[in-house]
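Report on the structure given below.
Every chain is named by a letter (A, B, C, D and E) in the order it is written, and numbering of its residues begins at 1.
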Amino acid sequence: MTETEALVRVEGARLHYPIGGIVSAMRGLPSAVKAVDGISFTLHRGESVGLLGESGCGKTSTGRLLLKLDDPTDGHITFDGEDITTIRGEALRRFRTRAQLIFQNPFEALNPRFTIRAALSEPLENARIPRAEREARIHRVMDLVRLPDAAQFLDRYPHQLSGGQLQRIVMARALILEPDFVVADEPVSMLDVSVRAGVLNVFREVRARMGLTAVYISHDLALVRYVCERTIVMYLGRIVEDGPTEDLVREPLHPYTKALVAAVPVPHPDQSHDPLPIGRGAPDPRNPPSGCSFRDRCPMAHARCAVEEPGPSRVGQRLVHCHLYDQADTRPAARGTPA
Amino acid sequence: MKAITAIGSRLLQTLFVLWAVVTILFLMFRLMPGNPMAAYIDPNFTPEQQDALMARFGLDRPLWEQYFIYLGNLLQGDLGESFFYRTPVTERILALLPNTLILTFSSLIVAYAFGILAGSYLAWKRGSRVEQVAVPVVLTTRAMPEFWLGMILLAVFSFTLGWFPAGGTRPPGAEYDGYWALYTSRDFLVHLTLPVLTLAIYSQGLPLLLMRSNMLDVMKEDFVTMARIKGLSPFTVVIRHAARNALLPVTTSFAIAVGYQIQGNVVVETVFSWPGLGRELVRAVSASDYPLAQGAFLMIAVVVILMNLIADLLYALLDPRVTRE
Amino acid sequence: MTSSLQTTARLALMSAAVATFGATVAAADPIRRIDLITRPQAAQPAEFQFVQLIAQEWRRLGLDVNVRVMPWEQMSDIVWFNRDTWDTTAWQMVGRPERSDPDEIVYNLFHSTTAERGFNFIGYNNPDYDAIVEEQRVTLDPDERRELVRRAQAILAADQPNMMLAHPQSTFAFNQSVWNPESVVEQGGIGIRNTWTFMSLEPAGDQRSIILNSSDNVQAINPLYISGGVDSWITELVWDRLMRIGPDGLPTPWAATGYEWIDDTTITVTLRDGMSWHDGEPVTPEDVKFSFEAAGSGESPMYGPFVTNIESIEIDGMDITFNLIQPSAPFLTASLAKINLIPKHIWEPIIERLADSDENAESIQEDTPIGSGPFRFHSWTANEEIVLNAFADHFNAPKADRWILRIVPNVEAALGMLRSGEINFLADFPGDPSVLQSAAEQDPNLVAVSTVDIGFRYVAFNHRRAPFDDPAFRQALSSTVDRRMIVGAAFRGFAVPSNSVVSPALEFWHNEETGNMEAGLDRARAILEEAGYRLIDGRLHYPEGVSETLQ
Amino acid sequence: MTNPDTPRRAGRLRRAFAGLRLPLHDPLAIAGLAIYAAFIVIAIFAPQIATHDPTEILFTDDFQLAADLRPGEDGYIMGTTTLGRDVFSQLVWGSRSALVIGLTAAFMVALIGSIVGVVAGYFGGWTDTLLMRLADVAFGIPFLPFVIVLAAFLEPSIWNVVIAMALILWRDTGRVIRSQTLTLRTRAYVEAARISGSSDVKIILRHIVPNVLPLSFLYGSIAIGWAILTEASISFLGFGDPTSISWGYMLQDAYASQALSKRSYYWFVPPGLCIILIVSAGFFISRGYEKILFPKLDR
Amino acid sequence: MEPLLSIRDLSIAYRVGTSEMLAVENASFDVPRGAIVGLVGESGCGKTTLARSLTRILADNARIAGGQAVFDGQDIMALSERRMNALRWREIAFIPQSAMNSLDPVYTVGSQLAEVLCRRGNLSRRAARRRSEELFEWVGIEAGRLGDYPHQFSGGMRQRVAIALALALDPKLIIADEPVTALDVIVQRQILDQLRELQTRLGISVILVTHDISVVAYVCDRVVVMYAGHVAEAGPMAATLTRPAHPYTMGLRNAFPDLASAGGQLTPIEGAPPNLLHPPPGCRFAARCPFAQPACTDTVPAPVTLDDDHVVACHRWAEADTLRTRAERSETWMART
């Protein structure tokens, strides 16, 4: 793969939310939650990447950065060669037509006061699509998300539709301007099990058909595996492992990924009940440990982990941020993008 | 740790508000139309005497200079000299403040005691006929002009029935060993009854409705349901869990209510000839006694601002979710 | 009399009368919109009412009348301090015992020298009148002086510098089961609430405290500061004066046993023997001399004007001699009955200290004021009550034990208190006097007494501005409304219609010939027609050749 | 367990009254609205309903001031005042002042508060900080004393109350609407509008304002009561406008004329009742809006 | 051995406006002693309502519309409120979905434990303290944290507190309503391990309400599948999951991504559950079922016991094996859309 194929590049992005005020700053207390704390990765055109992690790991914040819903405290994000951290006005409007979000909760993503048609028209209005063209585009996108008899939905209100239908509408709205890039934030977590598959299938299909670059944010490795070829695992605002999903599932490298893979329950009676290779306790985003932020739960932590933040090490097609894989010769290569 | 910093920034905010109110007050009283001393310059005065009088109150200096003198004096607790009494404003205000505070607090204590009990009762009796009638009635009590209610209570209980005196804090010529002896005397209580009743009838609505809706809210909380599932007695469920939680916002609203009440006292103090700060403010304003009006206004504002602060601190104190982090 | 009142009222009730006078010929200016200022109803119900009534009638003359309601501060700013910009305003002179001498009224209010800054805020300027009132000042013979004062009143009646309306009645009440009604003294022009009453009230039962009310706060208890009206009740009881205005309105010796005019500019008074201050020190002629000097020291700006005519004071035993700069008829009233006697041993150090400071004696509030009067100060609770105790050593010691003044801003409550016995002397009743009257009729214990006041109510014209510089125009406006109607509608009958600034209560000085002026819309229209004013399209115009002179 | 029928019906109703968002499902609110409707009719037809000019000084047949007449006497429905005005006509005309003061004040408070709240909440940052510190200051100013001072300095006018309320009382509305806007701003559908490229103004008008409107109306309907009560208090303290007839003025007039000692209850009681009626009507309506906003609270 | 709890024909109704709807209708299943029974289904299927009804603390607009729940020999639906209350927490305890909302925010967790131990367990304060420490040790929290307030715990820790609370009075039955749903997978796994360990050690029965078949597969001995207020299928966990007899259960298996098995297409069950205010006359699943026959839309299928306590409510129960084979193909489920 070559540089030209990169659509999104994230370089050292940080997102810190301020907490406390002047007084706490004067008292030298931590003044910010580090939701995203220095992450770098590249998304290639047509690639589908899962952002995986526990709640509070910064995966949603990363998604917001990618869509310029928040601006990074530090670092850069380029979209198609353009630094989106500084764009405004017309450039921002253009970006908005090319990068879209599929929301977690379809019941909240649509304004209950507006009909489905009004909801779908909003992006078209903003993109100044002529009125005459709009209806055709609405019908086209409804077909795309497998709601072919559009007429029966368009004049309804959100509360009159089921969760599965709503999530497809939400998808339709994200796709109606034919974007290049889509971030899906746990799009099925609010849905019942029996309808999840439908939405996931539509997502897979549309992505393939439109050649979309997609980021799929989830805490569920099984779902990520179903829709993404590559997965980035995050822990406390940092990336711990980044590589092809299948490799990651089959042979997780980072101790955290290992625990994560082991913990995923499966719907079969016969499965391992072995204790997880991880300590108890929960990550505290307000007070992450020094050095490697996972070290307080890591069964393999050693002295170095407390003082030094592990950089990326390349192992096969993967980048692992762990001192266990930290070999001098791999480090320079690790700075590049995974080939 | 976090609590301390929160309190710190809240204090800074309070100081800012105090400064802003002081400045607004200063400008308001200086920029209003009319000669501030019109009412106090005797026509027999020579022009020199008039100028001397203006100079004595510092009114001959440029505005900004007056402002800094005012601020400087204020920091030393000097609110200036009353045009009307020709005595220090601070002295006067401190003499009247206790009367106003005692009226405010006693009426609110009565109002809150009643409001909390009645509010809990109505929440308990949700949907009953009593509740359906009580809610509009309570709303109506908040719609009564206080002086109107006061006058009617006065007409009934004082003029007609003769049960209570028609005004003041004590019988004519009665003497007490200091404030405490006065405030604990039966005489004082008798004089306090009607004004407190008037204010309490007006103020009970807030705690009552607040308590009721909080109770209704809390009763729907999972932990109340859990308490029932735990098989705890209804009394334990309602008092220990529901009421304890519902009381939180009601308690903090008490402090805010003090701030509101103290402004509303103005009217009731006039009706019941209560020697308080509100009445003095009205009198000072109508008599163009600017330093005193300003001082009384400021004192009331300080109570309001302090009570807003206390409300926040109280909340922090009572709700472990805020303090223990 | 009744019939003429009825006519007036009938006319008043008729809807806008058709223009009956004036030919519509030449083009003279219409009279501009005229402001009529009044204080709010809440502060001055009667004033507000008569202004509405007068405005209603003036409009029927073809005038565009704009009633402006404003609080006292703004009113005094416009009328008293600016002087040039107002047209007409309601005004009032309050009755004070010192005003029992007509000088303060007839001289100060109308002499041209006071037009600039003084009491003659209306800008009245009549050299003939000036001459007469100057003369009455220095005329010591009462009868001669009386003639001059009466002539002054006649001139005013003709010139109509103001639209005089009425001398209101003051109504006070007391409980006759507590106080022997015989012991109540009615002071001419003042009413039963006066120093004499307080000294002579005789208990009818066990209650020995005079408990009275005031709706105003007590401002200061200070012998060198003329503060609020209520404060003077106290100063008059706590401090003695050489003379006092008697119940008949004339000055009578008090702390002095007598006085003697040595010549036109010299008067000797003899101090009463055996008087003592409330702290036990004796009252000496030195104290008296000091009192007058303190008033003139510049530290008491309000008392200053009353001693400016004194050149020097000499002491000889108990005799005190005042040497005056020029003869002064009102000296007894305006100076000897005005200046409070204060103890030198207390005030001398204070006055000395004040000389070097930018404060003056007005801001001195003694913790325990010391005088020599019939009552001694006991306690003062801010905004609630003042307690004075009887001073048994006084030469005219009161019969009551205590004098308790309660501050009751709620007038209705004050009446309720009188009925319930919480107070036993209603000393202040700004409300509707008829309520008091009927309360007294219902309750046999209550006695209400109404007295015609020295003070008076009027509508002032600004002589500096056309058309009020024209006496005929003033005459016409003044005669539009019958005063009896005003007394009925605004004062509920508790006032005496008047055309003179000297109250009929001052029988000696009052010129009864000024009488009741003939009034009514017809009369007003006749005067205007005669002076050449014309009514064009329902709007009053200046006489031909006269144009609006204001810019 | 959703029930598709009820919301559909409610939805239609909501659309029909989308503009006003009247709380028509709550009996108490309906009672409040009915009271308002009645007073509005009275105010509009005041000249027809009133038997006299409320400021006219009236005289009896024998040319005495028609003072303190009892109801029915000489044909005055509710008697006359001590200064000879017709009580009934004043009561009727008073509804005009009450509505004018109440509604304009409520409008100002709701408008200013909503604008401040929405702007502060939506844009955040220094705008928010500035506006909210301003609100803190407004919270530090005691309201009634402020009105008293204002009324004393300016010429007496009913507008003093309105001005004061506009200057001070936006604070409560502003704060509440700000926090409402803050939650709305993070609502997924608002973010969705942002992502779909809607401008801030469009988002505010389309997605934020319709959602804060009931809250504005809630505070507005409470403000009506505040305005009328404040006007009454100000009148009572003697800072009112004696040239415009309001119920507060009537009470003050009655009080200053010792109506209670005269047992003129027909004069002192009705204006008070009218105030209670119209103010509590506002409260009733506000409860209706409360139920729209917080449907869980009651049911 | 006699089951600890035997539910028979239990129906629970909600009042909605003027009409009533049966959130649970004629539900029957057993909870054996010392077993974890998974109650699984989609949102709105009635599983939570059913579980809560066993405490007899229902929403204000809900009532028991019929049936029995025989617990240790007595029908708790027929008990007087007084006797029922005696049973609560001592015999039947509850673990809520969100311990955050279920713990009173103004009391320390220690005092909430003490409340139950003293007021319901009649322990002295000192004994209660000792017991609290023991319970905290069981669930793996330091005893020192007894003095902390609920908000000071992380989500997982709070859930452990809730478990400790449920165990306080040695109940025979614990109803756990989605106890791990809100948690991250790692914590979820740890809590489930803990629960299982304690349950085994103490021999308690647990009804575990969940929407997640994986959770059932991980900890449960038996499973009850609910659909739209009806029990669709109930039986031993392994048998039911490997050889489901009800088309709904079969469909669920296809709709669920599975980390253990590689790749493959997921297949949704198209459509949505019926509106229970106007339930269809026949099988509730008929409208979404690829195997529905005319009889399915007419009559409600009666439960039929297959082998080994495996009960299914399906008209085509006899064809279960063939249907299962067909159900494994995606086309079967897509045909209906």
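Structural remarks
Assume a contact is a pair of C-beta atoms (placed from the backbone, for glycine too) under 8 Å apart; a residue touches a chain by one contact, two chains touch by 3 or more.
Everything quoted here is computed from the prediction, not taken from an experiment.
Among the pairs B-C and A-D, the greater number of C-beta contacts is found at B-C.
Ranked by separation of Cα centres from chain A, the top chain is C. Computed centre separation for the pair chain D/chain E is 53 angstrom, with centres defined by C-alpha atoms.
Averaging Cα coordinates per chain places chain A and chain D 50 Å apart.
Chain centres here are Cα averages; for chain C and chain D they lie 45 Å apart. Chain A and chain E, compared by their mean Cα positions, are separated by 32 Å. Residue positions 33-34, 151, 154, 159, 270, 286 of chain B each touch two or more of the other chains. By the touch rule above, chain D contacts chain A in their complex via residues 2, 4, 7-8, 11, 187-189, 191-199, 202, 206-207, 210.
Contact residues on chain B toward chain E in their complex (touch as defined above): 221-223, 225-233, 236, 240-241, 244-245, 248, 318-321, 324-325. The residues of chain C lying in touch with chain B in their complex are 43, 71-74, 76-77, 80-81, 117-119, 209, 211, 217, 219-220, 225-226, 301-302, 304-305, 358-360, 362-363, 365, 379, 381-385, 387, 402, 404, 406-410, 412-414, 416-417, 419-420, 422-423.
Listing the residues of chain D that touch chain C in their complex gives 55, 57, 59, 62-65, 67-68, 82-84, 152, 155-156, 235, 237-243, 252-253, 255-258, 260-262. In the complex of the two chains, the chain D residues touching chain B come out as 28, 31, 133, 136-137, 139-146, 148-149, 152-154, 225, 229, 232-233, 236-239, 248, 251, 255, 260-261, 268-269, 272, 275-280, 282-284, 287, 296-298.
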